[in-house]
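Chain lettering (A, B, C, D and E) follows the sequence in which the chains are written, and residue indices restart at 1 in each chain.
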Amino acid sequence: MTERPEFVRELATDNAFGVVQKPLTTFERIWNQGYVRKAAILVVLALVWELYARWVNNELVFPTFLATVDAFWDGIRTGGILQRAGHSIRILLQGYAIGLLIAAIFTGLAISTRFGQDLLETLTSMFNPLPAIALLPLALIWFGLGTGSLIFVLVHSVLWAVALNTHSGFKSVSNTLRMVGKNYGLSGLGYVTKILIPAAFPSILTGLKIGWAFAWRTLIAAELVFGVSSGSGGLGWFIFEKKNQLEIPSVFAGLFCVIIIGLLVENLIFRTIEARTVRRWGMQT
Amino acid sequence: MTALLDVRGVTLQYKTRDHLVTATYRVDFEVLQSDRFVLLGPSGCGKSTLLKAVGGYMTPVEGTITLKGREVTKPGPDRMMVFQEFDQLLPWKTVKQNVMFALTSGARMSTRAAEEKALHYIDKVNLTKFADSYPHMLSGGMKARVAIARGMAMEPDILLMDEPFAALDALTRRKMQDELLQLWDDTKFTVLFVTHSIPEAVKIGSRILLLSPHPGQVKAELNSNGQDKIDSATGMALTEKIQRMLFADEVEQVHD
Amino acid sequence: ERARAEVNEIRAAQQYGLSYLALMVMEDQKLIEKHAKDGGIDLKVTWAKLGGPAAMNDALLSGGLDFASGGVPGLITLWSKTKDSPLAVKGVGALNNMPVELITSNPNVKSVKDFTEKDKIAVTSVKVSTQAMLLEQAAAQAFGKENFAKLDPLTVSLPHPEAMVALLSGSGAITAHFASPPFSYTEKAKGFRVVAKNYDILGGRATFNVVWTTSKFANANPKAYAAFAAAFAEATDWINKNKQAAAELYKRMANTNETIEQLMQMLNDPEIDMTLTPNKTMVTAEFMEQIGTIKVKPASWKDLFFPNVHNLPGS
Amino acid sequence: MTERPEFVRELATDNAFGVVQKPLTTFERIWNQGYVRKAAILVVLALVWELYARWVNNELVFPTFLATVDAFWDGIRTGGILQRAGHSIRILLQGYAIGLLIAAIFTGLAISTRFGQDLLETLTSMFNPLPAIALLPLALIWFGLGTGSLIFVLVHSVLWAVALNTHSGFKSVSNTLRMVGKNYGLSGLGYVTKILIPAAFPSILTGLKIGWAFAWRTLIAAELVFGVSSGSGGLGWFIFEKKNQLEIPSVFAGLFCVIIIGLLVENLIFRTIEARTVRRWGMQT
Amino acid sequence: MTALLDVRGVTLQYKTRDHLVTATYRVDFEVLQSDRFVLLGPSGCGKSTLLKAVGGYMTPVEGTITLKGREVTKPGPDRMMVFQEFDQLLPWKTVKQNVMFALTSGARMSTRAAEEKALHYIDKVNLTKFADSYPHMLSGGMKARVAIARGMAMEPDILLMDEPFAALDALTRRKMQDELLQLWDDTKFTVLFVTHSIPEAVKIGSRILLLSPHPGQVKAELNSNGQDKIDSATGMALTEKIQRMLFADEVEQVHD
């Protein structure tokens, strides 16, 4: 091998480092915005809905997108669909919050004692597969008819999913981080809130999302089964009523409302949380 | 003078599904107040495991570990640990917050005092510019330096350091070593230090424990004054003496 | 030529309960197949049991079902929604007349007028079920037409079993239940009082459940439709003539633990008729038109039903 | 400081290292078995059930544990509760399997293209909150009455939960492991199956558990709506029938059956998988 | 002789939410066939980032990286990488399976041949006893050695090693260095090697690139024959020369 010459160089000065990224085309720049891409997806979905519904051509089973939007505006203007949604959301939030609280207690116990872990695992595998109607008798004994029972059923649908995800997240926290936490003298609640929860946050967020979605499902379905007294119904009741009156576009308007709320919550709340936490911390790509 | 830390006949084992791995076998040593005690030994000989046992994370299957006369049963901020792993920083806290959090929750300091102290030590490890970065934006060596800053900032009774300087370049390493010695001069804390580098052991340590290969057993305990002193008996420098002791093994191994 | 164009399979659905006995007989004795053969076609019949009216409607309207069954208001709503479309749902015949009774555990309630805010009245579904509709009619009669919804705030949705349990257990969750047999039997046997009854509200024996299909199906498949109608008539006839056998058939088909005696008690109840004749359907239809649930009422009960029952003395 | 003496030691020989753990008392050894602790929990739960039911003393609302067990045996001997359960499980497994497959496709797409990720996120936030009844019309158009529609509804209840957990698991895979996988030249399916799936296995397992539980819930609830189109129906219809006949102990026997299946699946299947994978690999404690 | 790897004016940047971090600035160097090319520089100067760019994990915002005349666009098994992180082993595979998996999927070898080769290299890093252990049962240094065995077993065109020996004790480190040189003698592969230790750079490297502190720029490129050769001009040994270059910075820094 021929000997290459050695060399020593002068360094560039500090102010030269501000190299910028190669410029993107306008299209790339627009397409790089998540909400643009998602809006495009939504437009395509709406189009598919419209075209398929026209092809099916059965307003009583599957109304078109436009008919649904129409019914939705109508519902907003006259049918009080927003109040109904508000009513549902209020109950939902109560059930969700209580569910999270109980899940927190259970997983806290589960992570700090072996017995707690056995208890959580056993209860989850026993109760998680039970449908809401199975709880109806107990709900009626404990809370009677009305909001109390609804919330009870909501808690049931939120609790186990959140607890499972949180617990599994806790168990997956790296040994090193656990040791660091213990090293600081943290234990009990401090240890859970300051170490385990942030470290398991990706899992917990997933649990929160699933819990949220299942709370909606359960609420809509449960409003039909029990706990509703006339006059105070929410979105689920709205859908049921319209279905019985065969006002199918209004039924879909109700579901459309659920979808919109789902999109809003995902994109305004969960995305923001994600961006401010796990993404910022480099825990998720 | 009684020992600050007394490790007596400690055997440490890992029980896995299929094996029983003995990490160290009947190790004993004493660390006195203000010792700079170095654990030196080949890879996998159980240094980290020993440190974890002192830290209170593992219970010996044999023997006892006592700190200030009381048996070690659980971890605590009186024994601040700098781990070997790169993921020892809390990913959800910035560099500054990481150091501060240790101070506020471990040493129960006020936020203001903690911030001041944190910035002081972050400066000592040359990371002021990165005080507001999250750990995932740091290089390996920078993470290691944050952990060092955190450990030193805690100013604990006894500092347990597991190869803290392994990921540092020669220059930075020398600076860190000097900082550690400087701090020791100031506060005379006790440190239990694992390293792979013989010169580092000689420079940092006041007392050096040599461990045998896996499973770790005590092979020798030597004094150092940081100057690579010449042994009067053999006429060898301390580094050379230690090297000999290690290399003896190699010769044996090669001829196995 | 026509026969070849017709379907070779029809799908019919029942719900749960003794109301649907005629359909069970048709299923068990393969009466539709028999009449189809007589009419010169080979017909396979698939029977489904559905849990509620929502699935029934969806299935019928999406073409997954040919014959559906359920309560009278359900038929009227469907009729009104589809009357101008090719589907044009109409009734094939009534299943029965049955008493539906508002039963209360509150000793202070002697009539519909005595309910107060403290009372809770269980109906299968608030506002939309047969029972809720009956209650509104009762309210209209008691408080005047414009006050038909006066009792609605007291109603709660609760399936019959839960409602009965709640009433019997005296938990106070509900104080009244709009019940149909066999639940009304049990509640009356426990000494609870009847304060209203569909026969009184509607002015006579009234049809409880009906069977319906779309005009589209009936027109495209006249032979299959005829076979169904004939089988339906034969089954109804057979039940009235063979009550013991019918009770046994029900016990076997429904896999129930109710005793033959209990079933016989119901079948022999003079208040219950198994008949194809639609009764008092127009009363309900008119009421629904008044309160705006449907926009236009049928001109006569015959508008609601296919011609095969037009010769019967319906109303 | 007084100079301590230096020393050099002889090492012990190899055969001395077999130190054994300090012996445990018999009680500790028994209590260390997970199934013993869980059995104890189950016994306590059964006892609580029995006592509470006796205290409530209303067979029609909440039968005792013993009455339920009685009805369960009865159901096994005469009522064919096992066939009913078998029928349900068959449908459930089909829906579950299809749900997993679709979830795999979605998450595979989501992890390999940005568009796929947007699509999955959008679809999940839209459809996950929708209750099964919302799908009824489409299910009936596409599959008619019967098993097809039931399976469709099951897929809906499994798909999103599993996809959410899997996707979040994929996103949490450490950058280093991703880079290692790419370094091996893996891409597409190989990359997903050989790197991402094992690396995200704790999350995926949680998703599988939640999906399983929600499949049960949905099936039981859906059988009430869809009823039976041929044969004898599954557990859900069994419960519906018994409820209408006011044989409340039998209703609870049906639910009891769901609970037992839940416990069996958790402890025989999921625990075993966990022990052989994530626990063995040190990915969960 | 054209360069195997040509790095031309490469600027590497990380874009985070709040900052734009320039890791290296207009770095260029050429690696020839069979070079043992060492990157040496202070902690955080962008060595790992450079290596990742060569590995195909990062795209330069300026400049080009070409391997055998073709621009590097994505990772591949022709550039086997030994990462700095401890978690680079697949946790769900044993030591043996980890090495084998690299061979079967990266080098597309048959299972039998892969097993044989894997065991050979596992033996070279002294881990035969732990061939069936899972990574989480290994010490830090043992994990590093598995990664080294994996990298060497792949026998790639070019081996990228990021401080592979940092976690190893003096003895093991020397053994590994010797193994690497031995392997190089046998197969004359090309290696791009990041290290912190000046003696190691001198021993391992045939050509040494010195980088400036953050952001990394090329400061010098030197030849080495592994013997710590004396520079004819200054009369300094190579290690000393390098140390001077590094320390010059320190002096500057201190006087800042």
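One rule holds in what follows: contacts are C-beta pairs under 8 Å (C-beta built on N, C-alpha and C of every residue); 3 or more make two chains touch, one makes a residue touch a chain.
All values derive from a computational prediction rather than experimental measurement.
The set of chains in contact with chain A as well as chain B comprises D, E. Graph distance from chain B to chain C, where chains that touch are one step apart, equals 2. The chain with its Cα centre farthest from the Cα centre of chain B is C.
The interface carrying the most C-beta pairs in contact is the one between chains A-D. In whole angstrom, the spacing between the mean C-alpha positions of chain A and chain C is 41. Taking each chain's centre as the average of its CA atoms, chain B and chain E sit 26 Å apart.
Taking the mean of the C-alpha atoms as each chain's centre, chain A and chain D sit 19 Å apart.
Of all residues in chain C, those touching 2 or more other chains are 54, 58, 62, 159, 165, 171, listed in ascending order.
Shown for chain E are the residues that touch two or more other chains, namely 85, 87, 137.
With touch defined as above, residues shared between interfaces to two or more other chains in chain D number as follows: 61, 133, 137, 140-141, 224, 248, 280, 283.
Pairwise, the chains that touch each other are A-B, A-C, A-D, A-E, B-D, B-E, C-D, D-E.
Across the complex, chain B is touched by residues 174, 176-177, 179-180, 182-186, 190, 194-195, 198-199, 201, 277, 280-283 of chain A. The touching residues of chain E, when paired with chain B in their complex, are 14, 16, 18-19, 21, 40-44, 46, 48-49, 84-87, 132-133, 137-142, 144-145, 163, 166-173, 175, 196-198, 243, 246-247, 249-250.
Within the complex, the chain A residues that touch chain C are 58, 60-62, 136-137, 140-141, 144-146, 224-231, 233, 237, 240-241, 243-246. Looking at the complex, you find that chain A touches chain E at residues 1-4, 6-9, 11-12, 16-22, 280. Chain D makes touch with chain A in their complex at residues 34, 37-38, 41-42, 45, 56, 61-62, 114-115, 118-119, 121-122, 124-134, 137-138, 140-141, 160-161, 164-165, 168, 171-172, 175, 202-203, 205-206, 209-210, 212-214, 216-218, 220-221, 224, 236, 239, 248, 255, 258-259, 261-263, 265-267, 270, 278, 283-285.
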